[in-house]
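As written, the chain order gives the labels A, B, C and D, with residue 1 at the start of each chain.
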Amino acid sequence: MDDFYRDFILDHYRNPRNFGTLEGATATAEDLNPLCGDTIRMDLRVNDGGIVEEVRFSGKGCAISQASASMLTEEVKGMKLEDVAKLGKDIVLENVGIGISPTRMKCATLGLRVLKSAAIGEIAGWPDEE
Amino acid sequence: MDDFYRDFILDHYRNPRNFGTLEGATATAEDLNPLCGDTIRMDLRVNDGGIVEEVRFSGKGCAISQASASMLTEEVKGMKLEDVAKLGKDIVLENVGIGISPTRMKCATLGLRVLKSAAIGEIAGWPDEE
Amino acid sequence: MISLDERKVERIITDFPILAKPTSRGKRLVYLDSAATSQKPQSVIDALVTYYSEYNANIHRGVYEIAARATDAFEAARETVARFVNADSREVIWTRNATEAINLVGYSWGLNNIRRSDVILTSQLEHHSNLVPWQLLAEKTGATLRFIPVDSRGVLQLDDLDALLEGVKLLAISHVSNTLGTITPLELIVPKAHAAGATVLVDGAQGVPHLPVDVKALDVDFYAFSGHKMLGPTGIGVLYGKRALLEAMPPFLAGGDMIRKVEYEHTSFNDLPWKFEAGTSNIADAIGLGAAVEYLESLGMDWVRAHEQELLGYALDRLAPLERRGLAVYGPKDPQLVSGVLSFNFADIHAHDLASILDTEGVCVRAGHHCTMPLMEKMGWPATARASFYVYNTRADVDALVDGLEKAAQVFKL
Amino acid sequence: MISLDERKVERIITDFPILAKPTSRGKRLVYLDSAATSQKPQSVIDALVTYYSEYNANIHRGVYEIAARATDAFEAARETVARFVNADSREVIWTRNATEAINLVGYSWGLNNIRRSDVILTSQLEHHSNLVPWQLLAEKTGATLRFIPVDSRGVLQLDDLDALLEGVKLLAISHVSNTLGTITPLELIVPKAHAAGATVLVDGAQGVPHLPVDVKALDVDFYAFSGHKMLGPTGIGVLYGKRALLEAMPPFLAGGDMIRKVEYEHTSFNDLPWKFEAGTSNIADAIGLGAAVEYLESLGMDWVRAHEQELLGYALDRLAPLERRGLAVYGPKDPQLVSGVLSFNFADIHAHDLASILDTEGVCVRAGHHCTMPLMEKMGWPATARASFYVYNTRADVDALVDGLEKAAQVFKL
């Protein structure tokens, strides 16, 4: 688990990308992990072509949930909304998976869950339950 | 436990003494052992001197509860009511105690409990709890 | 019918440490009271010991290794139990026992769905645990309690079922009678109850341990059972409920683990199944029940059923000669209709005396009203003795019962 | 203060099998999460094993030998627990845990005694289990929920207690905070609450395990606690209630064992304590809790308290230097006012990350809201890490915690 906290993770934790809320968001979702209280909110602006033009996240929580969410925001910019809706947890695993313990997987996937919820328009199941 | 069922016990069980109800009873009590459903009712007629003149019991249950109650009725006739109220479980032990298992003590003392209740005018605790 | 596989049972017996120990009188323990509670195989005991001595920790919120292991084992046990009765694991709620499961429905579903004009239908042979909660619910709501009658053999009388189902909002019925072993024909009753608009709760305390149960195929709305009657530890039971019903119900007990977000003035609740599990769960015993189910799966529930049928048939044969001497065996006496339960009285020997004498021979039977007082009253039995069979019982156990009855006849000078 | 008796603790440790096993990374298990659930001594595990492998049987209605032995052991455990908190055994009701005990009062006493015009007083630092049940009760009855405030250290603010108690029908308060360890001055509050006409329920989930408790001396009306936090098994807890109150309350759950006489239409109920124990009890775990209490009695609760105070004092000393590097320790930091609980955060490391890193060193601490979300919100802590001490902890465990924090500082490049 200690090898999880690599430099780029700490960097995303301490300097989250696309952090904040979005004026004129077309889709927003928010959720918390009831087991730990971590929260994430995702605001998306999608253009007429169904492309995610802009994204912001906010929330509070551990390095895992916040860094994972931060990385996600960098990746979804420019994606089709329908592809965002279909994202699986492999994207999270690729981003932050090394060394993560199973207990912390829900932290890592909270941002993804919220992102998908925003895209789908309802609260998604935990991605790791799919 | 099998040595408990001596001839005189079976005799009291099959030919209970003072069985039935009493017209003109001055004190009556009834109770059941909630664990097994055995019931005993005791009717007493007490004269002005406070002496138990007549007693009847009725009920249904195992050989232990019925024989023990039957024997008790033979003993309380002629006793002072206040002494009946003070009876301890030793009287039951003397009557039927040999070979009885602890589980069955509540059966053996049901009659005594009801008798004392009739004498005291309220439901008594289990005599073995005193 | 599969014939009695004595060799398999001999192997099973060695899995149950209690059966290896003689009684204080040096007799072999002949345990014929599994309908009250079953014995436990070593694998179940080991599951408890391993939990407590290797990874005991509180679940769900723990970050560290043993907490993760405990959480996984606890939720895996839920999956195991869910698979066993063909439920979704979100539909499996841990309770203390069948009784609590039934009461949970009474409080959470009942108080919110039963009105003064409604009828609650149950039967005349219910265990108190599937009767008294409905009496209390009827009292609180003003609803009417109605009973499916039983005939003189203790079999449900279903001729007038359609009429009985009129206006019924809830049917609460046992899968198997604990006093007589009679099996309720759920496949016949449940569709009719649903057609009449009733929700169906089945008290499966004597069902799941003894019969293959598929809650989806039975199409019941709620199904309650207890771990301790199916080789599991005491203190753990299950409420199965259809997801949509459970989702719509308010929580029952409130506290830790069942919440989503708590503020001083308001709380939102967790997802199923945790919404109904307040406070620290009985972690060890849930894991123990998982081990019990795995043990039963290894035997196969078809085998369990067949084994009990065999034993019951053998017992009925062996007891028949005693009927001339005053033995009365209750129930339909047909192993097809009954699980491994045998209720009886012997001449004028009271059931408690019978049980006491059998105990001196190492034979454990239950005596009394079996928590079915109204049934006893109706049938005119002050009490019955009850022998009940399970996976570890053999013909030799039946023989010991018969010998014990002979001894009782002698003691009572029949 | 009694000084830390390391030799005694070394002996205690050998009684806990889990502490003998290294973690999967080969580290010594440093268990600092007893406030979540405690570890179990061998004597408790043995009590379970002996029950299941020697005298497992259902209780109260059994005539045969092992049933009698089970009944005796079960009721003896109740006597043991009653003696431990100075209650009458009829006032000791088995529940699953503290949460169920509190809910029992909510349903049985609350719904029958709380009216729309009443006030329920609790505090801002309650565990969800002593908050959400009262939210639900207030919702159902229309009563008002009021809170005793806490100051910035997490200490109850009692200056306005008289005003707060006005119109209060129920005071529900914890004996010891699970998040901060702060001890409620019950000796001050309870008489005032009674004078104001309130009934007093104490959530003793963190009380009985860590302090000598005498319910008679405290003069509380209800006191709830959990076995698993005091060396006992999961799945068993206790509601203590004053006899007169319990007598006047209607039953909560209905079913077997809690009845006196059942007819189809009506039921009368059993005496205390059984009136509140429906269905097959958690027999094994009640017996296990009896063994746990005997173990605690053998140590002496004064010793337990002194030991925790010593450890907490040592921990506060060892952690002080880290405060310069961003460690924030919450609560009053005074072992006299606090049980063996230490809540903290370290610079910008989130509590979960801290707990994960500590776990790699074999150090188990809890991280999160500790089921006190509103308190966390009020204090402005998104989460805290919590180390909690019990009888088997040593200075070496505190040292391991400090080393783990050093490592976290390194990993997070503080």
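Criterion: a residue touches a chain if its C-beta (ideal position, glycine included) is under 8 Å from a C-beta of that chain, and two chains touch if they have at least 3 such contacts.
Worth saying up front: this structure is predicted, and the values here are computed from it rather than measured.
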* Look at the interfaces B-D and B-C and say which one is made up of more C-beta pairs in contact. => B-C
* For subunit C, which other chain has the most distant CA centre? -> A
* To do: State, to the nearest whole Å, the distance from the C-alpha centre of subunit C to the C-alpha centre of subunit D.
  => 32
* Asked: Using mean CA coordinates as chain centres, what's the subunit B-subunit D distance in Å?
  -> 46
* With chain centres defined as C-alpha means, what is the inter-centre distance between subunit A and subunit B in Å? -> 77
* Asked: Distance from the CA centroid of subunit B to that of subunit C, rounded to the nearest Å?
  -> 37
* Structure fact -> Touching at least 2 other chains, the residues of subunit B are 35-36, 101, 103-104
* Structure fact -> Touching at least 2 other chains, the residues of subunit C are 61-65, 67, 259, 261, 352, 356, 359, 367-368, 373
* Specify the contact topology among the chains shown, as one of line, ring, star, complete or other. => other
* Where do chains touch, given as pairs? -> A-C, A-D, B-C, B-D, C-D
* **subunit C partner contacts - residues on subunit A that touch it in the complex** => 32, 34-36, 101-104
* For subunit D, which residues count as touching subunit C in their complex? -> 17-18, 21, 23-24, 29, 33, 36-37, 39-40, 44-45, 48-49, 52-58, 61-67, 96-100, 102-103, 106-107, 124, 127-133, 135-136, 145, 147, 226, 228, 233-237, 251, 253-259, 261-267, 278-285, 352, 355-356, 358-359, 363-368, 371, 373-374, 377
* Structure fact -> The residues of subunit D that touch subunit B in their complex are 60-65, 67-68, 71-72, 259-261, 270
* Structure fact -> Per the touch rule above, subunit B residues touching subunit C in the complex are 1-2, 4-5, 10, 14, 35-38, 60-64, 101, 103-104, 107
* To do: Spell out the part of subunit D that touches subunit A in their complex, as residue ranges.
  => 348-353, 356-357, 359-360, 367-369, 373, 376, 382-383, 407, 411-413
